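Let me give you the structure first, and then I'll get to my questions.
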Amino acid sequence: MDYTYAPGRNHLFVPGPVNIPEPVIRAMNRNNEDYRSPAVPALTKTLLEDVKKIFKTTTGTPFLIPTTGTGAWESALTNTLSPGDRTVSFLIGQFSLLWIDQQKRLGFNVDVVESDWGQGANLDILAKKLAEDTAHSIKAICIVHNETATGVTNNLATVRKLLDHYRHPALFLVDGVSSICALDFRMDEWGVDVALTGSQKALSLPTGMGIVCASPKALEATKTAKSVRVFFDWNDYLKFYKLGTYWPYTPSIQLLYGLRAALDLIFEEGLENVFARHSRLGKATRLAVEAWGLKNCTQKEEWVSDTVTAVLVPPYIDSSEIVRRAWKRYNLSLGLGLNKVAGKVFRIGHLGSLNELQLLGCLAGVEMILKDVGYPVKLGSGVAAASAYLLNTIPLIPSRI
Amino acid sequence: MDYTYAPGRNHLFVPGPVNIPEPVIRAMNRNNEDYRSPAVPALTKTLLEDVKKIFKTTTGTPFLIPTTGTGAWESALTNTLSPGDRTVSFLIGQFSLLWIDQQKRLGFNVDVVESDWGQGANLDILAKKLAEDTAHSIKAICIVHNETATGVTNNLATVRKLLDHYRHPALFLVDGVSSICALDFRMDEWGVDVALTGSQKALSLPTGMGIVCASPKALEATKTAKSVRVFFDWNDYLKFYKLGTYWPYTPSIQLLYGLRAALDLIFEEGLENVFARHSRLGKATRLAVEAWGLKNCTQKEEWVSDTVTAVLVPPYIDSSEIVRRAWKRYNLSLGLGLNKVAGKVFRIGHLGSLNELQLLGCLAGVEMILKDVGYPVKLGSGVAAASAYLLNTIPLIPSRI
Amino acid sequence: MDYTYAPGRNHLFVPGPVNIPEPVIRAMNRNNEDYRSPAVPALTKTLLEDVKKIFKTTTGTPFLIPTTGTGAWESALTNTLSPGDRTVSFLIGQFSLLWIDQQKRLGFNVDVVESDWGQGANLDILAKKLAEDTAHSIKAICIVHNETATGVTNNLATVRKLLDHYRHPALFLVDGVSSICALDFRMDEWGVDVALTGSQKALSLPTGMGIVCASPKALEATKTAKSVRVFFDWNDYLKFYKLGTYWPYTPSIQLLYGLRAALDLIFEEGLENVFARHSRLGKATRLAVEAWGLKNCTQKEEWVSDTVTAVLVPPYIDSSEIVRRAWKRYNLSLGLGLNKVAGKVFRIGHLGSLNELQLLGCLAGVEMILKDVGYPVKLGSGVAAASAYLLNTIPLIPSRI
Amino acid sequence: MDYTYAPGRNHLFVPGPVNIPEPVIRAMNRNNEDYRSPAVPALTKTLLEDVKKIFKTTTGTPFLIPTTGTGAWESALTNTLSPGDRTVSFLIGQFSLLWIDQQKRLGFNVDVVESDWGQGANLDILAKKLAEDTAHSIKAICIVHNETATGVTNNLATVRKLLDHYRHPALFLVDGVSSICALDFRMDEWGVDVALTGSQKALSLPTGMGIVCASPKALEATKTAKSVRVFFDWNDYLKFYKLGTYWPYTPSIQLLYGLRAALDLIFEEGLENVFARHSRLGKATRLAVEAWGLKNCTQKEEWVSDTVTAVLVPPYIDSSEIVRRAWKRYNLSLGLGLNKVAGKVFRIGHLGSLNELQLLGCLAGVEMILKDVGYPVKLGSGVAAASAYLLNTIPLIPSRI
């Protein structure tokens, strides 16, 4: 059943859920299995080992939770904090806003550091707060690595530097939903205590698996964290890890095999090559935006995102109309502007299983849509700018040399 | 990748996850989609409408939550109750035990009514408690419709009768994980306030969707329920139901299309025919057990389950060895005995997408395994007993007449 | 197993096999079935009825043969002709050449009308031959509707006019392999006696089904045709058509369900809309070629093909290198130049399940490759030319209005 | 679309097409590819090498032809023989009859050696003919290894012995359609000149690939064989083998990947273990038939088939009614009696991807159907007889020890 059939492929350029590679779709095309048989633990063991590589951690403990990113957030918070705990959280767009909302509803004392949407987290204010907090009332820094609503990437290394500089023991909790597996993420090097992502983002799987990784310090924190939790309780997982059966409740067999295939593809391409590809796609997109004479929602180069670009449209255009036409006429799925930037930006997601010609097809489509809605773009201009850059940077495909 | 390849089909007879019908596997064999496009809400709308039919409710409100049965439990409890609330809960096996454990950890005051494993919920004690509770301190009755660990089905109609008899306003919360879509479940008639199931049980989907249905009274209770909840908060869903976009966070596109296909198959077969088929499979299994000279873990006929049969083995046999051999030699997946009945029972799940000859193949396998482990079964005896019954009850397949 | 993994989608722009729509892949994702059960004839009956629509015939009799286009050719010839029979055949490219080779090897007396590769069939010579052939020694006119090697479409209506004008009884045999379901094909109106295509072309299925449609006159011809045939003998099919079981030997269950899904998609889009889409894609491609300053292999506008464009490269470039780089660097599959035009042309297939943004992605890729191999193309020029045209012609997607 | 939906799995026990293993279905769940890219030849090379193992040949040359078994027959004959050539052919059932019919229609002088249906090929008569044929007028011996209609396996080693004994140069052409990959087949040891099978039989793939293997002597024979052939001409294949591109026309990408997966599974199980499994399934079936008090159509133990059992029913029963009821009531697909044995036998196919419990489910079903149609079978009797044998012979699954 397809309610809205259109010829050819759907061009999926929302910043998640993203395109699933054919080998991953194949791997998930299967019947259920008894998860208590020896096969599923054997598979799980390899996944828990290998998934650490995408976090760049050797000391972290991963959890593959049957949930979404929202659940992964809740897991990160409730396992490490107690109601009333002070968190410092950065409001820079819709997803950081939602996380902050969750933090409040879970009973934490959230110290919100707000920036204009399009700016990164204000780390100067963080520095100030850390400097002042000699009593260590701040229990956790909560930060979104890449704000999906505005296409802003925060500098996590700086956060760690500040924490170290002020010898502050706060936990460092990171939403890597639209970064991990696409942007370089260094859990151990940056001293991240909890990092998390969702299966439907750069891992290029269906939605349904929240992947959370906890540092030894985060695991230690669970012992005193008084937040109520059952479904999301890491200790239930750890109990079954020790038993070697791994699952406190039923996992999705299909997602486990899918994750195996997804990791295999990422390692076959090479994690650093995956990052380089995202860097190329991000840069190419930004060059196209510039060629069109439009502005990136991201206000400074230091924050630009290689997984999603939020494009500002002139005031006389409603960006929702761009998204609607993309879908109605070109079978192209773009991201809407959300909340404060609704109507003002449309988003091009360029993460996950994607290559350069797919992106160029999307950019060519955006050009036509811009014309459709009355923006005087020069057809081909964005594609030309992107191509000129890509021409010099796309490597040969290693398996085909 | 198959870690443990064996020729032919795996015979999957655990009481979940169960076999997925081919048309459902096909329906899920797809790329991701933008869940904010008009297509996904259009699909969701039909699902929310049709899923009510498997609960037999017209007044309930369903939630399709990206979680497992454990999460569905948590959703039922936290949306309707406050910490400290008194619940009456029946401990009759491993899954009711886990739910009770969750209730305790969520901070409720759980009044546990325990029975021997193999017995149903003691409703006489419930009557007594309700009679005594003139102050209405009991806020909820929590009961498992079908205890998967022991193959015991509780009588929900009686629970409702008792509540009505004593004019008790307690909420009536039901775990229908291994019953709904297989056993007749009458949410409206029985005045159930929250009913829930998991996608991987009788719906015959992969794991990953907790399906929860709330009565108007349950929805009303959310207004005063003080349990902390975010991911599982129904009000976030209701907000998006009103907007017509339906999703507070990303759903699994694949499970949505899979649910559509699963419901279509159930309605094509006819819900009452689905129940009749489960009744046949349950009865046939019990006749085989009897023919083998073994005992059903379920102690009285009134509690027998048409979705799972827990078979008691003689004391000189370890039931785990039966499960191990089934898998190692016959590519047959049986259910282990859990907790108190570990080593003492093995379980045959006969729910979901399954027909009579599949069951007879399983029963023939069990006979050989019983021989393997030293039990003097007469080969063919169980199959003969089951067949004799089935011969008179299997209908012609409607689409093939 | 993927020998040559590359990130993202493969951009498949060879003129067959073409991209398979997701719903068709899904429909074929199934186990085998007993083809003698009532289900398979019931399915076959709908296919035989509906497949006639893509030939625009009501009087023709279709055969779904487990073979390729080469086998379909053989079926057309051996069922209607006898060794020694004179055929008039047009040599205008690699596929007409191969068909002529087959005709010779099957023992016919082939009267070859050769044109330059890049030209259409010389119908003036046909007129002359028909005029001269008062003895009716010509038994069949064999013509390729669309020569896949050069991107040349012949005018079949003119062929019929000539046959009628000279009242010549020769059979009119047409290879529609790269035309049917993409270009307007009017079997009844044009008096075509045998028309044929292959499943992997515009029908967008896997290879493996040769679809042949015979006029009543062609069926009559089988009675006197002395060519040896068994596997390809239509009379074996006709025998089983009468019995209502349809199959003289085992069909591919998967391709039958796939064909059902493929036809459903075509009818949902509307056959005339399918033609219009191919017309748009063809025109857009030719405009890009022109913008690049390159020449189409097709020498006159009257012959241009809306399913494949063969692009001539300057003498200092080897077109094979273009195809090689496309695959090695851009995950783009282009068609090689074959035989006489090897090294001189590369081909862009634009038929089957394809939409405009997919094509623009391909064109953007070709521009980069042209740069790679030293041709001084202006990046974005082809995309701009194609977009300018498409912008004014792409309709809204009917299911999404 | 499923015209005839029934709950649970279809029990597919026709002697082809057979059940496809899940990993093979997965491997074929893919888009088309350019077969001229380097990937497809690389894949093809491994297939041509590995497929020889199932024929037990090192000197043979395999051809993977997009056709069915009927086409594979035609390929074997037309590549090695000339019209008028004398063949000795054994008529022992429907499939040998069809092959003989083909031989006649292809213009050979067929010397038919007929036996009762249920008997094997009369090799005494062959001996006599070879002895008499000092002029070597016999150009080929054509024999079906396993006659699928009657469940009769012929002794190919004896044929070779007779040829050697009489130093007769006739080609030895073998239909291994329902034997190869299930029964031990020794092309080199037995001096078979052409052996062939179809993908939908013991290889457990969809229909659509005829696999033909030619000895050096058979390849030599192509030089003088005057039978008309184009689509089936091995020399076209050999030309492309030399070029390293392998394909004279478009192969099914899906079947190539499917064959790769199928061979991988066979080699993982071990070819000799595959044979042993078929031997177990065949023996178990025959023991059940005996326990039911019915007769095997195969008249002597030396000819019994381990891939299909044709069961004779009492004269007062129409075997077609058994097949009809199996499908209509039990979702069980059995084989019809064909031609001379129509109404007299039903067939249980037990080849390909199948295990013991699947067979026991089928046998339990047959018992109920026999009751349905009025045959006084003792329920459970066949299952008991089969189980008693299997209990002592089923090995542990190697990957699970």
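Labels for the chains are A, B, C and D, by order of writing; each one numbers its residues from 1.
Keep in mind that, in the parts below, a residue touches a chain if its C-beta (ideal position, glycine included) is under 8 Å from a C-beta of that chain, and two chains touch if they have at least 3 such contacts.
Treat the numbers as computed from the prediction; the structure is a model and nothing was measured.
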Going by the average position of its CA atoms, which chain sits the greatest distance from chain C?
-> B
Whole-angstrom distance, CA centroid of chain C to CA centroid of chain D, is 34
Separation of mean Cα positions, chain D and chain B [Å, integer] = 44
Taking each chain's centre as the mean of its CA atoms, how far is chain A from chain D in angstrom?
-> 53
By residue number and range, which residues of chain A touch two or more other chains?
-> 2-4, 19, 25, 27, 29-31, 38, 327, 400
In graph terms, with chains as vertices and touches as edges, which category applies: line, ring, star, complete, or other?
-> complete
Residues of chain C that touch chain B when the two form their complex = 22, 25-27, 29-31, 38, 400
Where on chain D is chain C touching in the complex?
-> 1-4, 10, 12, 14, 16-20, 25, 27-39, 42-43, 66-71, 74, 83, 102, 105-107, 198, 200, 206-208, 227-233, 248-255, 257, 260-261, 327, 333, 336
Once bound in the complex, which stretches of chain C touch chain A?
-> 2-9, 11, 19, 21, 23, 29, 265, 268-269, 274, 277, 327-332, 353-365, 367-368, 371-372, 378-381, 383-385, 387-388, 390-391, 394-397, 399-401
